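Letters are used for the chains, namely A, B, C and D, taken in the order the chains are written, and counting of residues starts over at 1 for each.
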Amino acid sequence: MMEIVVQALLDKAVADARPYAEKGRLATYIPELTKANRRALGVCVVDLDGNHWRAGDFDTTFTIQSVSKVATLLYALETCGIQQVLSRIGAEQTADAFNSIIKLETRNSGKPLNPFINAGAIALIAMLMEAVGEDLLSALLDYLKTLTGNRTLSVDADVLRSERATGDINRALAYYQKGMHTFTADVTAVLDVYFHMCSLEVQVIDLARMAALIASNGRHPATGEHHFSAESARCAKVLMTTCGLYDSSGWFALEVGIPSKSGVGGGILSVVPGQFGIGVVGPSLDDKGNSIAGVELLRRLSRTQGWSLFA
Amino acid sequence: MMEIVVQALLDKAVADARPYAEKGRLATYIPELTKANRRALGVCVVDLDGNHWRAGDFDTTFTIQSVSKVATLLYALETCGIQQVLSRIGAEQTADAFNSIIKLETRNSGKPLNPFINAGAIALIAMLMEAVGEDLLSALLDYLKTLTGNRTLSVDADVLRSERATGDINRALAYYQKGMHTFTADVTAVLDVYFHMCSLEVQVIDLARMAALIASNGRHPATGEHHFSAESARCAKVLMTTCGLYDSSGWFALEVGIPSKSGVGGGILSVVPGQFGIGVVGPSLDDKGNSIAGVELLRRLSRTQGWSLFA
Amino acid sequence: MMEIVVQALLDKAVADARPYAEKGRLATYIPELTKANRRALGVCVVDLDGNHWRAGDFDTTFTIQSVSKVATLLYALETCGIQQVLSRIGAEQTADAFNSIIKLETRNSGKPLNPFINAGAIALIAMLMEAVGEDLLSALLDYLKTLTGNRTLSVDADVLRSERATGDINRALAYYQKGMHTFTADVTAVLDVYFHMCSLEVQVIDLARMAALIASNGRHPATGEHHFSAESARCAKVLMTTCGLYDSSGWFALEVGIPSKSGVGGGILSVVPGQFGIGVVGPSLDDKGNSIAGVELLRRLSRTQGWSLFA
Amino acid sequence: MMEIVVQALLDKAVADARPYAEKGRLATYIPELTKANRRALGVCVVDLDGNHWRAGDFDTTFTIQSVSKVATLLYALETCGIQQVLSRIGAEQTADAFNSIIKLETRNSGKPLNPFINAGAIALIAMLMEAVGEDLLSALLDYLKTLTGNRTLSVDADVLRSERATGDINRALAYYQKGMHTFTADVTAVLDVYFHMCSLEVQVIDLARMAALIASNGRHPATGEHHFSAESARCAKVLMTTCGLYDSSGWFALEVGIPSKSGVGGGILSVVPGQFGIGVVGPSLDDKGNSIAGVELLRRLSRTQGWSLFA
């Protein structure tokens, strides 16, 4: 694609999708998220040579929330290996809500179903805590800085405070798993990492760069360095496809078909394998917690460009 | 009943029921409980004049565990009134296990089903913590000392340590409810009271005296003092009948029909309204967590004496 | 009680409770039930000598619905014995709705929790069908005629047609249990009996006479004949207490404390052991499916007369 | 690929995967399935020009079982359109068993989660029955004959009889949905079609040919005729990826990554988009109901040939 074509494509997709923001609403579970601009919609696309294009409100700053679960997964796969990850966290989608606790009691004796529901992300961090120890948070932050190429990535202190203040369901998910012997790490330390990893401030270019690395199977376009293996990239793409958008992941696979991970901050990280990484932001959410205009923007890009894995 | 008849009755019931201990097993969820004598079986009956009869291993010391939930309920009814108790904790039995978390997600948005499952007892303590404040533990201990007439009641420090060390499912139940806004009290403080109230060392005479007070609708035989209202006594008797023996409460109502509350320490507190309070201990448990020989002992007493509410 | 006192008591209870009908609504699950008079409220009390008193709209005719499950239970206990009944149907209350199917999958491999939820009543009829054969329906009808003393008891053909037309959830409950090998009887034949047993037309005096028989442990006041054993009566009283009013049975035990069974036709059958049988009708239902004014009427009788089992 | 290379590839994959059959067991839910040869393993690959290669026990005849759900889905998409299909059946995976009934009660008021669990396939047939009428079965059979190119496709009468005789859980799933107004079609007629569609006798070449049509987006290699749209093909590929192997679909996507649908007859239909259709048979099943050696065979093909969608 020539640059001008990409830019026009993104400008049009933003313009066409932006009205969808009206149908959704801001996340309310922590007060800070309600301060976002509901009409904002921004996108960034990065190709495998590191070129990038941006459109709309691309300079919106937002918290990464569940999108960081992709980085945690990659780090866990690299640190502990896929076999250990799968022995402790499942790879199956659930039709329950992202913060549901039921299946921990009714299935697999405390083993969470996948790493992108809250229970699974907590289990992943606990597994890493047992492997890496107290330096886990700085190791994860450093890894995320590397994947995004943004060395100044930092936490939104207000959001972090809110996550801690309102995180009791996550505490329940953690203690329940600890009680079922899913992990042995200290719950408070595990949740401290979890809350930090939700509270990082990012822009769409950060998500797009991380996505482009997955699209290139872990190889950095400029340095040629491998930040994770093709195996880890494949694992991330599978789980983003099957479980990336909460309990509308199947519908998203039908409508869009691009491996993606959403967060309640309005961000979506999307991978067009071998071609592009995409970052989207749109704080107005649908009833499952996904950016409503962001999903529509991706749907339009996927349809016009044939980017669905299943096309 | 003349004294000699009662004594013979109890001696025979212990002898007949003791072999049932072989069919059960000791609670294993905390290490201290496995140290109990599996064959032990003791009983104490107290009448409304304060006379008592004892048989079997009546001098066995055991931890009160869930039997203390009766005292907590009475204290909550007296302190907050039945309307407030019922507005925050249900009165319905569940067919789930005593420490199940599912219904908190699927029913009533975090309101626990009854005060005798773990979730409900935690909610009760939280409600009291909000009403009474930091002195709750000493207030509850003092109340229990009054109800049992045992001023030397104290905590088994090893059991308390174990309860805390292994209490993660209870922590999950507490945090989940806090996250659902069932209560606002501090979870750590609430659980500290909860764990203390499970770890108290008692003998059957303590349970029997508390039961006799319920049998007399709160009026102390010697002093004539009312430790709780007839309304509170009625409420306790109802809930012991419908929910007192975990998820075999219905079967127990059929087979025995005496309002009772069991604990995994092997204790059972039973109320023959207007007649007797009974305390039983038998650490060997059935698969629901009830004293297997203790239930059999009560079944024999109920059948021979016509003590079932439903006879 | 002298006759005039009882009559005045009932008249006052009807007058005081009738306004509660405004807070409820008619059952809508079958069209015929919506034709009832929402403001109707009637009561009949029968003592153990066969005397009766009536007040309010005692001549309202209504369908028996779930109240017939008491007769089915008594017949099953007499025909198959309590051990067989308990081996095939549980005695535990559930906090799920009366027509819930979940627990058949998650607990006990298809064994229903108790005989008063739909699943359990269907299993009871299936067990009887296996024991009695094709004559079951006429045997059950004959038994119900005997218990009520009403030899002209007959089916409301419109309601029966509606039950069949709208009975798919009950069909699902039956087939699921058949599929789990809970029973082997023919599902269509079982449901035919079930639907008939819901569609019988009764008045409060019919329920009160059946209730009086339970209050007298099965012995008919006039003839002295035993229609069921004291053991069966006890079993019915226990299950009515723990499971008789759907998922507000616990609340009803607290507020009223009289063993009772309700139906969505607005009827309630209540037993004051050793004293009275009571029949109530009030078609306006609360959100659990119980007669809202009928429950209030019973609550007032229980409080003023001290009829609670737990008083 | 040259023919000899493909043949050698398949021969080796069969030889390497066959020992895995030892770890599984035959389906037992209907007696006929236990008569299969547990060690059998066969495969057929068809390219988009209609060439085919076969290895192992490719001439094993087996019943299609749940693999036919792919044909039903395609027919429904072509007949009713994707919007109507999605309005009545979801596209989300569940972590429950393929014949679970729980989610019909707890989620979406009777709308099944996806078309590949039993509840969803039944709903799909019911929707078609409403649209097509009584000729549905012959229409579906004819469609399947067209997709497989096997005009002699017929039902195994013994299996059909067994499906009907043991189909009570499926009856429960159907009646429950009817009771929740998910559909209005006649349950008996719907299930008759369902049971027929499970009982068809096939060989791996039949599955491979149907798969090749999906791989070519509906266009027949020889005739150029379009048997379904690219849109329908995409929808099938998505759902096979997310939900095709019961509750190990996510694990299969990680390990194999080829859109596939399994059946308890031991068959698997797999689509390598734009390249191949694959049919596999191996009656020895893993604990989720998937052919254990068949999955291993596909895993080896995917790894050596880079056939994963997510590679």
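As a convention for this text, a contact is a pair of C-beta atoms (placed from the backbone, for glycine too) under 8 Å apart; a residue touches a chain by one contact, two chains touch by 3 or more.
These numbers come from a predicted model, not from an experiment.
Student: To reach chain D from chain B by way of touching chains, what is the minimum number of steps?
Tutor: Minimum number of steps from chain B to chain D: 2.
Student: By the contact definition above, name the pair with the higher C-beta contact count: A-B or B-C.
Tutor: B-C
Student: Would you kindly state whether over half or under half of the residue numbers at the chain A/chain D interface are used by both copies, giving same or different?
Tutor: Same residues, largely: of all residue numbers at this interface, over half are found in both copies.
Student: How many angstrom between the C-alpha centroids of chain C and chain A?
Tutor: 54
Student: Measuring from the mean C-alpha position of chain B to the mean C-alpha position of chain C, what distance in angstrom results?
Tutor: 32
Student: Just the number, please: Cα centre separation of chain A and chain B in whole Å.
Tutor: Taking the mean C-alpha position of each chain, the two centres sit 47 Å apart.
Student: Please set out, as single numbers or ranges, the residues of chain A touching at least two other chains.
Tutor: 106
Student: Chain pairs in touch?
Tutor: Those chain pairs which touch are A-B, A-D, B-C, C-D.
Student: Enumerate the contact residues on chain A facing chain B in the complex.
Tutor: The contact residues of chain A facing chain B are 100-102, 104-106, 166-176, 178-180, 187.
Student: Chain B touches which residues of chain C in the complex?
Tutor: Its residues touching chain B are 82, 86, 90-96, 103, 107, 113-114, 230, 234-235, 237-239, 241-243, 247-251, 253-254, 257, 259, 273, 308-311.
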